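Order as written gives the chain letters A, B, C and D; numbering starts at 1 within each chain.
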Amino acid sequence: MRTTRRQFLALSGGALGTAALRLDAAPALAQNAPVKIGVLAAKAGVLAPVGESGLRGVQWATERVNAARGILGRRIELIVEEESSPKDTVERFRKLSLQDRVDAVSGAISTGVGLALGPVAEEMKTIWLSWDATTQKGVEETLPKPKYSFRSTDNECEAVMASLLTARHLKGKFRTVAGINPDYSYGRDNWAAFLAIMKKYGIELSVVSELWPKLGATDFTAHVAALGQARPDLIFSCFWAGDTPIFLKQAHAAGLTAKSKLVLTTGGGVHEALKKDFTPEGAILGYNCLYFDWARASALQKEFVRWHHEKFKEWPNYESDHGYFTIVAYKAAVERAARAAGGKWPAPDAIIQALEGIEAESLSGPRRFREDHIMEATFFQGMTTHKNAYDFVTIDPVETMTTKQIQKPSGVGLYDWINSWKV
Amino acid sequence: MQRILNLACGSFYALGAYTGVSAVTWALGHGLPAPLFLLVLVASGLALAVIGPPVERLLRAVYDRDESFQLLLTFALVLMFEDVMRFVWGTAPVQLGNAYLVYGRLAVAGSTVPVYNLVVIAAGGLVALGMGGLLTHTRFGRIVRATAENREMSAALGVDLRRVYARVFTLGVALGTVGGALVIPATAAVNEMAIDVVVEAFAVVVIGGLGSMRGAFVGSLIVGVLKAGAIATWPEVEMLAIYVVVIGVLVLRPAGLFAGAAP
Amino acid sequence: MIRRGLALAAAALLALAPLLAPPYQVTLLLPAFAYGIALLGLNLLFGTAGLLSFGHALFVALGAYTAAGLTTRYGVLSFEAIVAAAAGLAAVVAVPVGLLCVRYVKIYFGMLTLAFGMLFYSFLYKFYALTGGDEGLRVLRPLLLGRPFAELDKVGFLTGPFYYYALALLALATLAMRRIVRSPFGLSLRAIRENADKAAFVGVSVRRYRFYAFVIAAVFGAVGGTLLAVPTGLADPLLAYWTHSGNLVFMLLLGGFEHFLGPLVGALAFIFLQDLVMSLTAYWRFVFGALLAIVVVFFPRGLLGLVAPERPA
Amino acid sequence: MTLLEAVEVRKFYGTFCALDGVTLTIGRGQFVSIVGPNGAGKTTLVNVLTGLLAPTSGAVRFKGRDVAGLDPVRLARLGLARSFQLVHVFPGLTVAETLAVAVLARRRRGARLFASLAAERATWDEAAGVAELFGLADQLGRPARTLPQGDKKLLDVASAFALHPEVILLDEPTSGVSTADKHAVMAVLVEAARRLGIASIIQVEHDMDIVFGYSDRIVALHQGRVLADATPAELQANDEVMATIVGRAARRA
């Protein structure tokens, strides 16, 4: 094998070596050799809790698929690598693709990593099912028409939904607004989307303070003091990490949460840390795509939530569902493509084609990949309440919106889309 | 004092924070009256200082080499402690609920301040005074200062340098761990704390002057005021402003605001 | 003689790597080459002139962002132009920074360089209109000697033409640095490292030479940065973060800063160790921290110190 | 012709007056020794003369230029070099390299980036020549840190000589050298100075045999003042000064 390859390289000038290897490797696949799926999960730093959550969803999905004869009789084998800096993660992706020869890669959360991996997935011709990191820049500029990358829902969905709820429930009840958002693209995009939607709804407001603490900051006393001075009627924040409870705690201690209404687009990501002690009732709180305590949840979600709590002593968050969906969507796509190919294991291109528009049951209900490789899902937000059996807040009533309502359609700019609404 | 720039000071701080949460949660679970949690925090911080001597023992291996090696060794400690904390406490933020509001809140000049914050500020002041007293009025303090001035001279006078260093270092570790423990009720312990804190601590020490207690105190005030000022007026430049001041101080007064001559 | 023979054998092995090694291992060599060049510069400062920079990542990041800016913003795809621009830009930035930094030595120099590195990180992060902020800037596939190699996919490009290009650049950088270290200037730097006061009294302009070394190190750092950016395809602010500078120093120490080839050995060892350990355990940072501690305490002369214990003249 | 002059130089360390109005001139071709008991201000004077310390008041001029504010490199280029009381060498550099550093600096070739050091024939030859003068010719390849203490001292002085200065200041060039060897060392220094074209030597020295054996002039310091500035013969005749300055040594003589 090595000799043939060397001869080949000598002919082609070392150019197409990998491709050649993959072609002659393909027929060698035994029908029951495992399907290899690489996983990129953050394990350290701010992203770690979310990365772990996504990994749990993937693992649970894999266990269930494998328990039910795998994909077309082939077991799924996970190869887990760490998502860290863009440079290191690109190298991990290459390793998964070139060395481990995975059939697909699932994972990645950080926007920077997401932007780096997009082109790499195309170059490596490796299917990549992202959990998150779908920024405007990523979708519009960097990879307008990807073949191998499948992205999550747009980053701004949460802000759009929270803004719609704000307009619906709080219109006329506030005039002065402050934003405190993490200082990076996600924070800036969400804040801009919020302001655009308020304008669209004709809500006159004045922005009294715009604060941009570092992502993952642990001290907000100065920010809280600045907010105290600005006295906003409403505070908008898209914190999603450990910064959420810390900010709320310090805001509560300074009496801020009693004076200002809160809109927390993504705080549900760390919902267990939002203790009743310091999180007020009546704040708009977003859980992204999975609300663990939803009364109308499917049996599947209930089973997962139970398993998660038993195993980790924690209630799951949305990233588990993103992770779960990538696995079941891949399985569904392979099966769909196989049906078209007469039951044989389909070629990668056929799997990609099948993934486009594929629909599968996620933990939180049906989901699909749009033809432009963006995920469609249902979002959960609502007003915080203390009336529950936990020591942290939940939401009641639970409002749901689908990406049909809160995600810009394919090929349209976010703000053009917002401006085209009929209000 | 020891002329060690310890990048791992942030790790001690984070370790103190995590341990503080665990200790208080455990104590409250075993029926400790809520107002006494402060004592548990301080005790857990002090108890953690046991890691001081072994770490100091490790650093001792490079005392007589270029200072750069000490810097590197503490960088190694940063990497190791980060994973130790991840292993023990996981990756999710770890916190105490609102226990600290048990001391109540005060309205000061139109804003509300938890009494606990004032307790921590007072504790900080007390520690500063205590350190000052320790360094100026006790035999140990005089030995430490003399040693900081001139290692060889102290050694020649029969001072057991190894013991002095071990004690000073352990004291430093204890200040870090207790500091972390005291701050934790008002915030939450997260993995990236150590690396974040060290950047600010670095700024404080550079601005104040290496080896100067008074400098460290003033340095922390300057950094605090600078941050608050930037957040209130021009939030975009918060971190930039700190580095600009750090570089300014290093360039104009490389030994810091509170030390004598340049290196 | 034996040493030269070994070095030539290693070079020959590297030249044949794309034919012998699996493509993934070949792509792993690329960052090792890039770091090798950057570390040659870092070691001119530390190993030769005795100044330990904790902000060398600034220049690596500068090189990466030059590649990103030129390919995506200005449509400049010629890699020769990118390398030249990065080198020039690094020199321009290194002049004011160096003038300030070389006034100090030892730990003060380390702190000042660290502060400048973090200042640049904050700049990259905050001025997102220019730099892309946290998302960074993409680096497009460059032209090598004017040729696009469009018939190759990215892996073929990386393990083929780009590999040899990087290897040639590394060889050039190594030869250039070898000349510098063995020049009158190199001797003067060593004199400064050994005893700066004495050097001044035998007529060596200590600060001026340190400044030159700083600028040269910056240029090597930036050239390394351009090479680092192409396989990743992205320049991001973490490249300038202080922990990245710490890793650079780690690599240097691992290889052995007293040896001319220490930087290259260190970069290779670090990359392959990281690849191995990251796959084995989620707690690879602990393993690396422990390894660094062991190297600092027990083997301060690094890997090459184990093989060749005498400092070569 | 005056090469180096100090005019009414005062130097205070806080309130302590180390130099109290010192005036002296050193002309071409002179060998001047500065003597005095410990604490008289000898080393302070040398440091002020070489610009290492700025005088509190007064002026030091070398070839008519104010020395204050000139760094050692500029001084070396102007033709003023010095050695230190405590041995200063480059521990990791060989004897040849050490001397080559000085030679390169003098010939303004030290900043040459891409020139090959090995090809610097003239530099190595000259370094070897200086080593020869100081009896270090068979040690060229040895790192300085492995030299015996006496040779380190010689190397230190030799590297200052390699700059071909017009004036050289030697702070106790024979300290640490056994009494028996001192004369040999001095002979080497004087011969080397002659061969390298060094016009004037200023030394701080305790050993009165050496001082009276080699000096053209002796400047006696006491409590920061110039007590006497005379030829050895004149000084020898002045019992009062001899007693104050030289103390035990004079009585023994």
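Just so we're on the same page, a residue touches a chain if its C-beta (ideal position, glycine included) is under 8 Å from a C-beta of that chain, and two chains touch if they have at least 3 such contacts.
Since the structure is predicted, the reported quantities are computational estimates derived from the model, not experimental observations.
Shared contact partners of chain A and chain B comprise C. Setting chain C aside while the other chains stay in place, the touching chains form these groups: A, B | D.
Comparing per-chain C-alpha centres with the mean over every protein C-alpha atom, the closest match is chain C. Comparing the centres of all chains, each the average of its CA atoms, the largest separation from chain B belongs to D.
Averaged C-alpha coordinates give centres for chain B and chain C that are 33 Å from one another.
Inter-chain spacing, taken between the CA centroids of chain B and chain D, is 50 Å.
Taking each chain's centre as the mean of its C-alpha atoms, chain C lies 44 Å from chain D.
Chain geometry summary: the mean Cα position of chain A and that of chain D are 75 Å apart. In chain A, the residues that reach two or more other chains under the touch definition are 43-44.
Each of the following residues of chain C touches two or more other chains: 126, 285.
In chain D, no residue touches two or more other chains. Taken chain by chain, the contacts fit none of the simple shapes, being neither an open path, a ring, a star, nor a full set of pairwise contacts. Going by the touch rule set out above, the chain pairs that meet are A-B, A-C, B-C, C-D. Of all the residues in chain A, the ones that touch chain C in their complex are 6, 9, 13-19, 21, 43-44, 81-82, 85-88, 90-92, 94-95, 98-99, 111-112, 115-116, 119-120, 123-125, 135, 137-138, 142, 183-185, 188, 215. In the complex of the two chains, the chain A residues touching chain B come out as 43-46, 48-49, 51-52, 210-214, 216-219, 221-223, 225-226, 228-229, 241-242, 245-246, 249-250, 252-255, 270, 272-273, 275, 277-278, 314, 391.
Contact residues of chain D toward chain C in the complex are 71-73, 76-77, 81-84, 88-94, 97-98, 100-102, 104-106, 109-118, 120, 123, 156, 159-160, 162-163. Within the complex formed with chain B, the residues of chain C that make contact are 46, 52, 54, 100, 103-108, 110-112, 114-116, 118-119, 122-123, 126, 242-243, 246, 249-250, 253, 283, 285-286, 288-293, 296-297, 300.
Contact residues of chain B toward chain A in the complex are 82-83, 86, 91-93, 95, 97-98, 100-101, 105, 110-114, 117, 186-188, 190-193, 196, 224, 227-228, 231-232, 235-236, 238-239.
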